[in-house]
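Following this message is one structure expressed as C-alpha cells.
Letters A, B, C and D name the chains as they come in the text, with residue numbers starting at 1 for each one.
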Amino acid sequence: MKSDRPRGRTIRVDHLARVEGEGGLYIKVKGSQVLEVKLNIFEPPRFFEAFLRGRDFREAPDITARICGICPVAYQMSAVHALENALGVQVGGALRNLRRLLYCGEWIESHALHVTLLHAPDFLGYPDGIRMAREHPQAVRRGLGLKKAGNEIVTVLGGREIHPINVRVGGFYRVPSRQELQPLEEKLKRARDAALEMVRWTAKLNFPELEQSYEFVTLRHPTEYPLNEGRIVSSSGLDISAAEYEDHFAEEQAPHSNALHSTLRGRAAYLVGPLARYNLNFERLSPLAREAARAAGLGPTCRNPFQSIVVRSVEILYACDEALRLISEYEPPERAFVEVEPRPSSGAACTEAPRGLLYHRYRIAADGSIVEAKIVPPTSQNQKTIEGDLLSFVESHLGLAKDELQASCEQVVRNYDPCISCATHFLTLELEKD
Amino acid sequence: MKSAATRPRRRKPTLAIWKFASCDGCQLSLLDCEDELLDLANEVEIAHFREATPVTLRGPYDVSLVDGSITTPQDAERVLAVRRVSKFLVTLGACATAGGIQALRNFKDVKEFASLVYARPEYIQTLEKSTAISSHIRVDFELRGCPVNKYQLLEVIRAFLHGRKPNIPTYSVCMECKRRGNVCVMVAQGIPCLGPVTQDGCGGALCPSYQRGCYGCFGPMETPNTASLSAWWRRLGARDEDLVRAFRAFNAGAEAFRKESEAHEK
Amino acid sequence: MIGENPLIPEPWIVRRVRKETRDIRTLELGPSRPETSFLFSPGQFNMLYVFGVGEVPISMSGQPGRSRTLVHTVRGVGAVSCAISRLRPGGVVGVRGPFGSCWPLEQAKGQDVVIVAGGIGLAPLRPAVYALLSARQDYRRILLFYGARTPRDLLFAKELERWRGRLDMTVEVTVDSASSAWRGDVGVVTRFISSSEFETENATALLCGPEVMMRFAVRALQGRGLASEKIYVSMERNMKCAAGFCGRCQFGPTFVCRDGPVFSYAAIRRWFETREI
Amino acid sequence: MGKEVVQRSDLDALFEALKRRGYRIVGPRVRDGAIVYDELSSVSDLPEGWTDEQEGGTYRLKRRDDLALFGYAVGPHSWKKFLFPPALRLWSAERESGSFTIHAACEETPPLAFIGVRSCEIHAIAIQDRIFQEGRYVDPHYKKTRENIFLLALNCGQAGGTCFCVSMNTGPRATFAFDLALTEVLDGSLHYFVVEAGTQKGAAILREIPHRPAAAREEEGAERVIASTAARMGRTMKTDGIKELLYSNLEHPRWNDVASRCLTCGNCTLVCPTCFCSTVEDSTDLKGEKAERWRKWDSCFTMDHSYIHGGSVRATSRSRYRQWMTHKLATWIDQFGTSGCVGCGRCITWCPVAIDITEEVRAIRGEEGR
C-alpha cells in the first residue's frame, strides 16, 4: 500500500503511520497557493453513542473505555464524572486522589509512547522508534521505562493497563492498601529522574519554525494542574462549566472523514491538549516541572506545535511528581465507592485526556438506563486546527523538496498525537436533530 | 501448528500487524511489552505495523496479527488480501474474534439505525454487521480478550517461534480465580459473575480479584453452560434485561453469548 | 534410570533417525552420561522431552536388554511429536522412564501368542516380538496381525517381510485402502482373528492400536472363545507426569502410567466398554 | 500425656514459641468476605468473633455473639495450597553447547505451622500424602514441605451448613497426625483450650507455654463441644456400598440431569482438599535459550484434561461430572484404599450453582430429599 505518485503539487499520504488509528492526508497546492488540506479519517465508525442507549449507566465506564485503547482511563473518567454530576454524587477525599493517580498513570504511559516511539523519530530522522533504538538505545529504553512506570500505576489501580476493570460510578470496586501502592514509589522516583532527562533530551531536538496563534482550550482548576476537574477556559477568555459546553461548541461532519469536527461557535478553530494545558496552567505545574520547563527553554507560553514534544515530557515529569505526592499522602478510604442510585437526570463532564479535553454527557432514565449519550474526544476538536497548521506550514515551506515536505506534513500531524480511534466513536445525536 | 522452527533459521521470521475496526488496544498491547519490545524486534522482523512505523517490508509474512472486526465493504476486501500474504494468521482480541463491542449493531434493525445516525450517509460506507475475521477468512489461531493479555500475546509469538503449542487455556475464569486464592464473589457476596462461562486468560481472574463480577471480556469458555448460569443469576436478582446486557457486551457476537442474550430478550 | 526426582528428564543424544513412513520416524538414542544404564520390559514407555516444546509419552520400540541404546518410533501428529520427528542425529531429547506395565510375556510361555496391531500400535509391540522370537522355543504359535491405513503407512515394512518369511511365525498384513498396485489384503485387521488358526484355550492376545480397533479385536477374540484374562490391551490417556501425580491418565480405577499402559482386558472390561471414561 | 488446658490469653505464647522455632505461621483470617488461610502475624489476625453460614452455592460471613477464635467451619481455602501449590516451577533448563542442562527448582520454603487444621483436613492431608509421597514415586517438593509442617489441629466447635464428616468418618475430632490438638471452650466468662499433644514436637512446644492439666470438668466441656458439632452436621451421605453403587451406575440418567446444571467451571475440584490433578506448561524465552516447566492445578472438568490427539475423551459435561464424582467416592477407593471425599462440604458451598455431591449420591441411590 504505497502512496500514489502525487501529480503536480499534490501531497497525499494514504495511510498515516505512527498515529493511533487509520487516517490519511491530502493537500492540494497550486503555484504558491494551498488550495485544499484534508485530514482524512477512514477508521471505520463504531457508533458508541448509539449503542450506549439502553445500556445501564453503570456500564458506561467499561463501554466507553473501548472507544480507545490508548486512553481508556480518560473515557472512564469523563464517564464517571458526567454520571456522578447527573446523579448528584460527590466523590472526594482519597477516592478522588486515587482517580487522579490513575489518570497520572495514563498520562505517563500515553505521553511516553508518543514522545519516544511516535514523535521523536521525526526529529532524528528515523522511520520508527525501533530503528531509532539501534542508535539511540538509551533514549528509547528510557522512554519505554517511563511508559512502563505509567502502565504500572494503571495496572495496580485498574487491574490491567488497557481497559482497566476497577473504575465504577461512585469510585472503585476495590481500593488498594498502602502496601500495594508502596512498590510504585521507588519506581516512580526513578521515573521522575528519567522524565527530567527526557525533558532535557527533547529540548535539544531541532524544531522547525512555526508560531501559531491558536485559541487554546483547556480545563483550569483553582489549585491543581487539570486532570479530572476544572472549568473550561480558553486563551480568548472563555470560562464555562462542562454543563455549558454544548452552548459554545458545535460539531460538523466533514465529507472526507468518518469523524466529526468540533468548532467553537462563532469563532475559528481551537486547540486542546498539552500545549493548551501548559499555556493556561503553567503556574499550576509542580515546582520541579516548572523549573525543568524553564531550563529546557520553554517560557510560560509555547506556540510552536513541534515543541509539544517537550511539553509532553514536562507533563510526564509533572505526572510522576504528582503521582508520588498522591501515593505518599494516601490513606485507604473506608469504602471503595459512594453508593449511587439511578434517577431520571442528565449530566456532563470534561476531563483532560492525554490528548486534551474529553467531553461526555448522559441522560439517564429512572431505571438507570442511558437514554442519550454524547461524547466529544480531543482529536475531533483538534482536527480543524491540524488542517490549519498544515495549511500555514505548507504555505511557508513550499520551497522544500517534495519528499521532505511530505515527511514534514506528516510530522505536523503527529505533533498533535491525534488519536483516530477516538475520533471515530462517531456522533449521532446532533445529527438526529437535523 | 506450523512454525518458524520447521525451517532453517537463516532469516528472521517476519511479523505483520493489521488493523480493522477496533480501539487499537490489542495492537497497542505489543507496544505495552516494554521489557520485551526491543528483544522481540531482534527475534522477528517487524514487517508491517502502521501504528509504529511507516516502513513496510514485502510479504508474504510468517505471522500476521490481526486486530479489529470487519465493518465496511473495503475492509471485507482488504482482509482477503491480508490472508493471501500471511502464512500464519492470529486474530487479536474480541473485535477480531467475535466482532467486538461494535457488534452490538448486529442486534438492531440496521437500515433504520443507519439513517438515524448519519446526516450524510453517502460519505460513509458501513456493513450491516460487525463480524469476526474468521467469518471472512481462515484463521490459524484466535487470541481472546478485550483487550488481549500482553503476556498471552507474547506467549503466542514465543510458541510460534519455537514450534510449541501456546499455553492458552480455554477453560473457565474460575480456574485461575481459585488458583489465585480469591474468594468467589458470587458465592460469598452474591455478586453475579460471568467467570464460570468465560474463558480464562485475563491474567488472573481480574474482576473477581478486584471485588467485582467477571464481565466476560475473554468470551465463552470451551463448554459454556450459559443457561445454568443465567438461572443462578436470576436467583441472585438479575432480571431479563440484565442478562441480555451481560451476554451482549464485548463478545456479543460470540455464538454462545449471542444465543444466551437472545434467550432473554422479550 | 529414574533418579531421586522422577520429574527431571535426562538428556539423551540422537544417534540415528530412520524414516519409516511419511509421518513416522524411528529414533535411536544414546545416553549423554557415561554412567547411564537403561533397562525396560516390552510394553513400557518413556516420557520424551524436546527442549522448549514439551514432553509426551512414547513407548520403547527397540530390542530390550541393550542398556545404552533406546529406540522410539514416533508418529508426528502435533507439536511435540512433530518436534521429535524433526530431530536429527546429534540432537538432544530429554528422557524420563521407563514407566508402566509390560506385555505378559512370562505368563504367555507355553502358549500361542496372538498379536494384533493397528497403525503406530505396532511400535510398542515390536519389543515383544523381539523377545518372543529370541525365546522362540518357550512359546507355541506366534501370530502377528497388522493393519495400517494404506500400504505407504505400513510400519517396519522390511521387518514385517522378514518375519513373514519365517516358518515359525504367522504374519498377516492388511490396509484400509490401497491402489490396485497393492497385492496384499484390504480390510479390517480383525478378520484375521476369525480366519487364523490358534488354540483358544491356550493363547494370549496382545493388542495395541486405536481404541475402536481394539474394541473390535476384543470382540472377535472373545468370539473365538478366548478368555478376557488372556487378552491384553495397551491404553492411551493424556499424561503429564507418568509418576501418578497429575491424575490425567486415569482410566476408571486405574492410572494408565502406573497400572497400564498394558492391561488385562478382564481387569478393565467395565471401563473399556463404557464411553467417555 | 493427659489433656492440658491453655487459656485464651496464653495463645500468644504459643505463636511466639512457634516463631522462635522458625515457623512461618499460617491459618484462618478474614479476607474479602470469607475466612481464608493465609500468613498470620499474631493471634489477633485470627477471625475472632466471626462465623460463617454456608449452603449450596452460598457463603456469608457473620458476627458471632461471643469472641470465639475458631467458631466457624472450613472456608474456600484448604491446606493443599501450601503443600501442593497452585502453580509451581518444577525445573528450568538452558541450552548448552548443543545439549541442555536441567536444574531442578528448589525454592526453599520455610517450615510452616498450620493453625487450626480440622479433622477432615487432616484426613485430606493424609490422602494427599498417599498420592505424593507414599506411592511408587515421591514428589520431592511435597515431601520437603510436608516433613517440616507443625500441625496444630482443631476439634471442630461448629458444624458448617454443608459439612458431613460424620458420614465420611473423618471428624469432627482429630485423631491422628497432629502435633497439638485444641478444643476451644467458651463457658460464660471462661475461654480456654483443652490441648492434647500428639507428638514429641507438640509436647515440646506445649512445655514452653503456660498450661496446666485439664480438670475433669474441663475435659467434659471439650467433649460436649465435639459431640454437639457431630450432632449438627449440615449434610449426610450414606456410604455403604458406594463403590459398587457408582460402578454399576455409569449410565444412570441422573448424569444427564446434573450435566444440565454443571458449568464445568472446575471450582469443586480446586476447592476440594484432596483433588490433586495438575497440568504442566512448558515455556521458553524469546530467544529459545531458556526453558521452564511449571505445574499448575488442573481439573477433570477441563477439556484439556482428557485430551488425546483427535479430541477429548470426556467431551460431554455428563462424563466429566461422572468422572469427578465417581473418582471421589469410588475409584479412589481402588486407587488409594480410601475415599477421596472427607466430607468437608467445600464443593457444595463453592459450586456457583449449588450442585451437591450428597444430593447426587441420593439421586443415584434413588432416594429423595436431604
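Please note the rule applied: a contact is a pair of C-beta atoms (placed from the backbone, for glycine too) under 8 Å apart; a residue touches a chain by one contact, two chains touch by 3 or more.
Just so it is clear, the structure is predicted and the values come from calculations on it, not from any experiment.
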{"item": "Chain pair with the greatest number of C-beta contact pairs", "value": "A-B"}
{"item": "Chain centre separation in whole Å, for chain B relative to chain A (CA means)", "value": "25"}
{"item": "Separation of chain B from chain D, taking each centre as the mean of its C-alpha atoms, in whole Å", "value": "37"}
{"item": "Intercentroid distance (Cα basis), chain C paired with chain B, Å", "value": "42"}
{"item": "Between chain C and chain A, distance of the C-alpha-averaged centres to the nearest whole Å", "value": "65"}
{"item": "For chain B, residues contacting two or more additional chains", "value": "162, 164, 211"}
{"item": "Interface hub residues of chain D, defined as touching at least two other chains", "value": "282-284, 288, 298, 304"}
{"item": "Residue numbers of chain C (touch at least two other chains)", "value": "52-54, 78"}
{"item": "Each pair of chains that touches, named by its two labels", "value": "A-B, B-C, B-D, C-D"}
{"item": "Of all residues in chain B, those that touch chain C in their complex", "value": "1, 5-6, 162-165"}
{"item": "Residue ranges of chain A touching chain B (in the complex, touch as defined)", "value": "1, 15-22, 43-48, 50-51, 55-56, 59, 62-63, 66-70, 72, 113, 117-118, 127-131, 133, 137, 140-141, 144-145, 147-148, 151, 159-163, 165-166, 168, 172-174, 253, 255-258, 336, 410, 421, 426, 428, 431-432, 434"}
{"item": "Chain C residues touching chain B - in the complex, by the definition given at the top", "value": "52-54, 78-80, 82-83, 86"}
{"item": "Residue ranges of chain B in contact with chain D within the complex", "value": "36, 39-40, 43, 154-155, 157-159, 161-162, 164, 167, 169-172, 174-175, 178-190, 193, 195-197, 211, 221-225, 227-229, 231-232"}
{"item": "In the complex, chain D residues that touch chain C", "value": "90-91, 93, 95, 98-102, 104, 131-132, 135-140, 247, 250-251, 276-280, 282-284, 288, 291, 293, 295, 298, 300, 304-309, 313-316, 318-319, 322-323, 327, 330-331, 333-335"}
